[in-house]
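Chains: A, B and C, in written order; residue numbering restarts at 1 for each.
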Amino acid sequence: MRKVSEIVEFCQELCEDLTFAAAREWKDAEPGRKVVGYMPVYVPRELIHAGGMLPLGILGGGDNLEVIHGDAYYQSYICRIPRSTVELAVTKRLDFVDGMLFPSICDVIRNLSGMWKMMFPEVYTRYFDVPQNYKDEIGGNYYEHELMELKQGLEGVCGRKIGDDDLRRSIAVYNENRRLVNAVYDFRTREPWKAPSWEVYLLIRAGMVLPVEAHSQLIEEYLAAAEAEDRPMRDNCRIILQGSFCEQPPLNLIKSIELAGCYIVDDDYMLVTRWLLEDVPSDGDPIRNLAQAFIKHSTETAAKYEPDGARKGKYLVDAVRTRAAEGVIFAAPSFCDPALAGRNIRRHHQTVG
Amino acid sequence: MSTATERDEVVKEPSMLKQKEMIADNYDRLTRAQELGLKVSSTYVPGNLNELVMCFDMLNNLPEINAIQNGMRKKSGGLIMDAEKMGHSEDVCTYVKADIGNMAKGAIAPNGKPMPVPDLLLLSYTGCFTFMKWFELLRDQYGCRTVMLHVPYEGDGKITQNMRDYVVKQLKEEVIPTFEEVSGVKFDIDRLREYLRKSAEAEDNFVWVLESAKSKPSPIDAYFGGVFYIGPIFTAFRGTDDAVEYYEILRKEIEGRLAAGEGPVTPEGDMSEEKYRLVVEGPPNWTSFRDFWKMFYDEGAVVVASTYTKVGGVYDYDGFRHDPDKPLESLADYCLGCYTNRNLPTRVDMIESYIDQYEADGFLVNSIKSCNSFSAGQLMMMREVEKRTGKPAAFIETDLVDPRYFSPANVKNRLESYFQMIEQKRRGGGPPARAA
Amino acid sequence: MKCYIGIDLGSTTTKAVLMDAGMEVLGQGITNSRSNYETAAAVAKQEAHIGARLTLFRRGLGDAVTGKNANELMEDLELNIRLEQFLEQLEDLRATCASHIRNGQAGVLEALTEVFERINAEAPGMFQRGARRRSDFFRDIAGSRVMHIGEEVAKTAGVSFETLLNLYDKSIIDVENRPPEGDMAAKYRRALHRVVESDPHLKVDEATAQDAMSKAVALELEETYVVGTGYGRVTLPFPKEHIRSEILCHGLGAHMMYPETRTVLDIGGQDTKAIQVDPQGIVENFQMNDRCAAGCGRYLGYIADEMNMGLHELGPMAMKATKSVRINSTCTVFAGAELRDRLALGEKREDILAGLHRAIILRAMSIISRSGGVTDEFTFTGGVANNEAAVKELRKLIHENYGDITININPASIYTGALGAAAFARRAVENGAGETAP
């Protein structure tokens, strides 16, 4: 069994590798394999997986990438993630990616989908819209059709039909992964000194590039190793970090927060891994099940409409309670519209809560 | 969009006077809503369902227009700073902050009277994520009923049946019942049809006016002048007799200018020689609107087509009209087709077609800090348009209603350089612009 | 003779170039822009005229002096004329200061006179070959000497240094805006005489030289056409057709210096521009930094202030770096914080500076990319082109991103805009005066 430090080191290498060597290796291992990239905040990765393809989370170039050409595409007041993503693309670091999904998160990522279509006409590119209406017959119905369209598009990439059974199997695999990710978060809530946030971050981040099965295994391994490791408990302040649901913070920021005496007991990093709040049934109509999971049991972020004004921000109030947090730190990336525009509302509800 | 007050000191065309009257009446009704026993709904210009709102005898209040009004009256700067003091980020849309700052000051309308508290927020979420945040803030502030109309984005450059069905279903099952409840008025589809018929009539003349710019010289400026022409069709007047009448008057005026071979009217009278024909992408700056315009007409630059005049509905590019025979479907198509709800490749195609059809000399982007929906990707659009048309392009940066982001010297410098470049290339007969 | 003049009214300096009908540069002049563009333009033009007279003198002298001697003669001559101009203005400054002395300020006049006598005495030394001057602008030289000598004199004379400084502050703007207007012909003659006399090893026959000088000075330099460019261009009483944007002037100026130029990068104090030009020097495309000043020369200015260093010391220090610290933000507002943060982390000043230079060049690379990339040849101009650390990073990045490209950097690149403007003036006449285009 590997030690915690070895697992974390492995994850950090994956995180810092801007060539995506692990995903390339996976693709090259068998002829005909395809890779489909996606950006934050949520896509149903089950559909990609069911087509035998690798879902690849693209979170920009991070703080280690020098952006030269990407800056030529954006004004100075636009956030960093699209420009560093363009940099990755124009420097051919994403030339092995066969499809790209741009979720409905903000106008910048939305427009990037159109830029991608113009820049890489040979890549399957889709703006993935999700409903802002949560009634079965309205939003649910619309979303099912969107999922069907996405499935058809993905079938074009992998070159075969994606059957319901394939999809049910993938749903089960992702249920398992979600269960494990939540287990890590719960473990950290219980014993934050045993699972420092920068480790947890890297562990979950590995799931952006690894096949889901390998990632699940890695989490299990980490949980066992972290549990076994003897680490001193500190008198740290328990906080929840909010605002980084799109561009991820530099690793050093997470480390600095912990060094400053905080335990991060919840966050909104890489929400795709925890977007759905309950298991998706692995029997019955898989498309309907995915749609229902989204409209009935998905998390709240700034990019999602909450029809009930009174419930706005409730998730955060709840999280403060369930995670036994003592404070909330808003750490939004510069120029992040949804995070910054929503800041005052959350602050307000937080005070009320 | 309604600066009649600023201009009519100099120019008094009947269409201007008519619009001025319409706007004054509208603000009068809005600020007397309670006294008149009228309910008020707030919504946005893109995806503005004015015909539907009228079906419930409700007034339509558009917060962007109020922000623009405050911008043109040079009040927005202070309001924005007030909102920032309240904790709103420097990087949030300045329409939103001007609105919030104004609310904190008692939400005063241009006629000096307080705006009514809306009875309903119609969150028509079309082409802009910030709209959602904006109405969440307003909902928080007013605690009033809110109904969401989610208009999916044309990610693949087309309206699918699924999108249309989704919007229609929301109209039927969410928007209309909520309006009925709030207003106490039963929905009458025939009433809607009648309004839509009037919309289409006005839209025909509106498109005629826009297309008059294909003539040389162009009798209109389709950006600075254009913001007046879109006034009624984009706001609380679409579907009214007033709007029909306005566009008839306007059309007659433009017909007159065409026949006389005249160029556009500017705040300083008729424009002299038309030297440069431009297509412009992006909203204008409102706080220095007249200074900004002057930088163009002083140099003989006329905007022959603009994308901003499509933000509240695209009527020319693919011929959309509100259709009384398909009332809800056409409302859905209207929302789905608004300019910023179209994907970037479509926006580039549209601009390319304008440059060709209007025989433009160049393409100019006015990039607005506040508006990522417009701005994100404009540099690439510019490159692509240059590559396809061979026409020189230029890029300037301003903001909607934040005076801190309008640097006259800087903008003027770039514009002059650009105009001189077009001139120099024209005379030098150099090769077409290099593909970027 | 017909002359064509280009004036570039920049935000910090104003430059003038005087050109003959054959498009040869006769003279160029530079001065600080102060708050008065009109004076700045007059001073720069006067300097360009001096340069032109000297060029004509050199032409007239022909083979009478050759080789190294000729170069030394010309250099000394120029320095001596500068000295003449300096002394004239210094006298103006003294008189103006004296006029501001209020009754009852005992001993102040004596102290003032003493200060100016000392500056007068050391002046010839400042204008010797190889002497280092902080700047060539009157305000800078006079200001620093008054500060320095004034303090000593005040101490010994028992008057308040404050008072002396006050007199200087009250006078300098007026004096600066009153350029020397004494008899130029006499100054040329005096300067030449002084050079010939003090440098016998040059073996110049004074009579021959004075004859050539008289002819050069007598020749009428007709201002056939003037074109203005730069930020201050609109404040000058130029008719519109005499104004060109600095983008166009820069493009043409770079083309004049290096006719094969296709891409021009200019990093000035206030903005960064990337310009693409065609084989005739006509601008095809340009991009400038956006609203954000990150990556302009001004950014280096902030850094210099923050580090308490001179702007010109930054490059040399960055060249001593052994590694380059990554700087993620070139936000001018955060420049100080970014810097202190790195210093606090224990990074060395030179390594941080190397990183800062790289960061501003990265910004420039983006603007170049926006304008359409780099096509051979590439010409780099503006104040930052004199910074060796910036140039080093630029060469590296251009090579990495665009391959083997010829990179031109002209020591006189500060005159690029004015040169282009002069060329526009020449072209305007060629195409019939009043024409607005080349």
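The rule is short, and it goes like this: a contact is a pair of C-beta atoms (placed from the backbone, for glycine too) under 8 Å apart; a residue touches a chain by one contact, two chains touch by 3 or more.
Keep in mind that what you see is a predicted model, and the values were worked out from it rather than measured.
Chemist: Which chain has the mean of its C-alpha atoms lying nearest to the mean of all protein C-alpha atoms shown?
Modeler: B
Chemist: Busiest chain-chain interface by contact pairs, anyone?
Modeler: Top of the contact-pair ranking: A-B.
Chemist: So which chain is the furthest away from chain C, centre to centre on CA atoms?
Modeler: Most distant chain from chain C: A.
Chemist: Nearest whole angstrom, what separates the Cα centre of chain A from the Cα centre of chain C?
Modeler: 54
Chemist: When the C-alpha atoms of chain A and chain B are each averaged to a single point, how far apart are the two points in Å?
Modeler: Centres of chain A and chain B (C-alpha means) sit 36 Å apart.
Chemist: Rounded to a whole Å, what is the gap between the Cα centroids of chain B and chain C?
Modeler: Here the centre of chain C sits 48 Å away from the centre of chain B.
Chemist: Can you list the chain C residues in contact with two or more other chains?
Modeler: 290-291, 370, in rising order.
Chemist: Using the touch rule from the top of the page, what residues of chain B touch 2 or more other chains?
Modeler: 367, 369, 379, 397 - these are the residues of chain B that touch more than one other chain.
Chemist: Out of chain A, which residues touch more than one other chain, so two or more?
Modeler: As it turns out, chain A has residues touching two or more other chains at 72, 75, 77.
Chemist: Inside the complex, what are the residues of chain C that reach chain B?
Modeler: Against chain B, chain C makes touches at 231, 234, 244-248, 276, 278, 280, 282-288, 290-291, 370-373, 375, 436-438.
Chemist: Looking at the complex, which residues from chain A come into contact with chain C?
Modeler: It comes out as residues 63-64, 66-72, 75-77.
Chemist: Under the definition above, what is the set of chain A residues touching chain B in their complex?
Modeler: Residues 72-75, 77-78, 82, 102, 104-108, 110-115, 117-119, 126-129, 131-133, 135, 137-139, 141-142, 145-146, 149, 302-303, 305-307, 309, 312, 334-338, 340-345, 347-348.
Chemist: How about chain B: which of its residues touch chain A in the complex?
Modeler: Residues 86-89, 91-93, 96, 123, 125, 128-130, 132-134, 136-137, 139-140, 143, 146, 148, 150, 152-153, 155-156, 160, 162-163, 165-166, 169-170, 173-174, 343-348, 367, 369, 372-373, 375-380, 384, 397.
Chemist: If we count contacts the way the header does, which residues on chain B are in touch with chain C in the complex?
Modeler: 367, 369, 379, 386, 392-395, 397, 405, 407, 409-410, 412-414, 416-417, 420-421, 423-428, 430-431, 433-436
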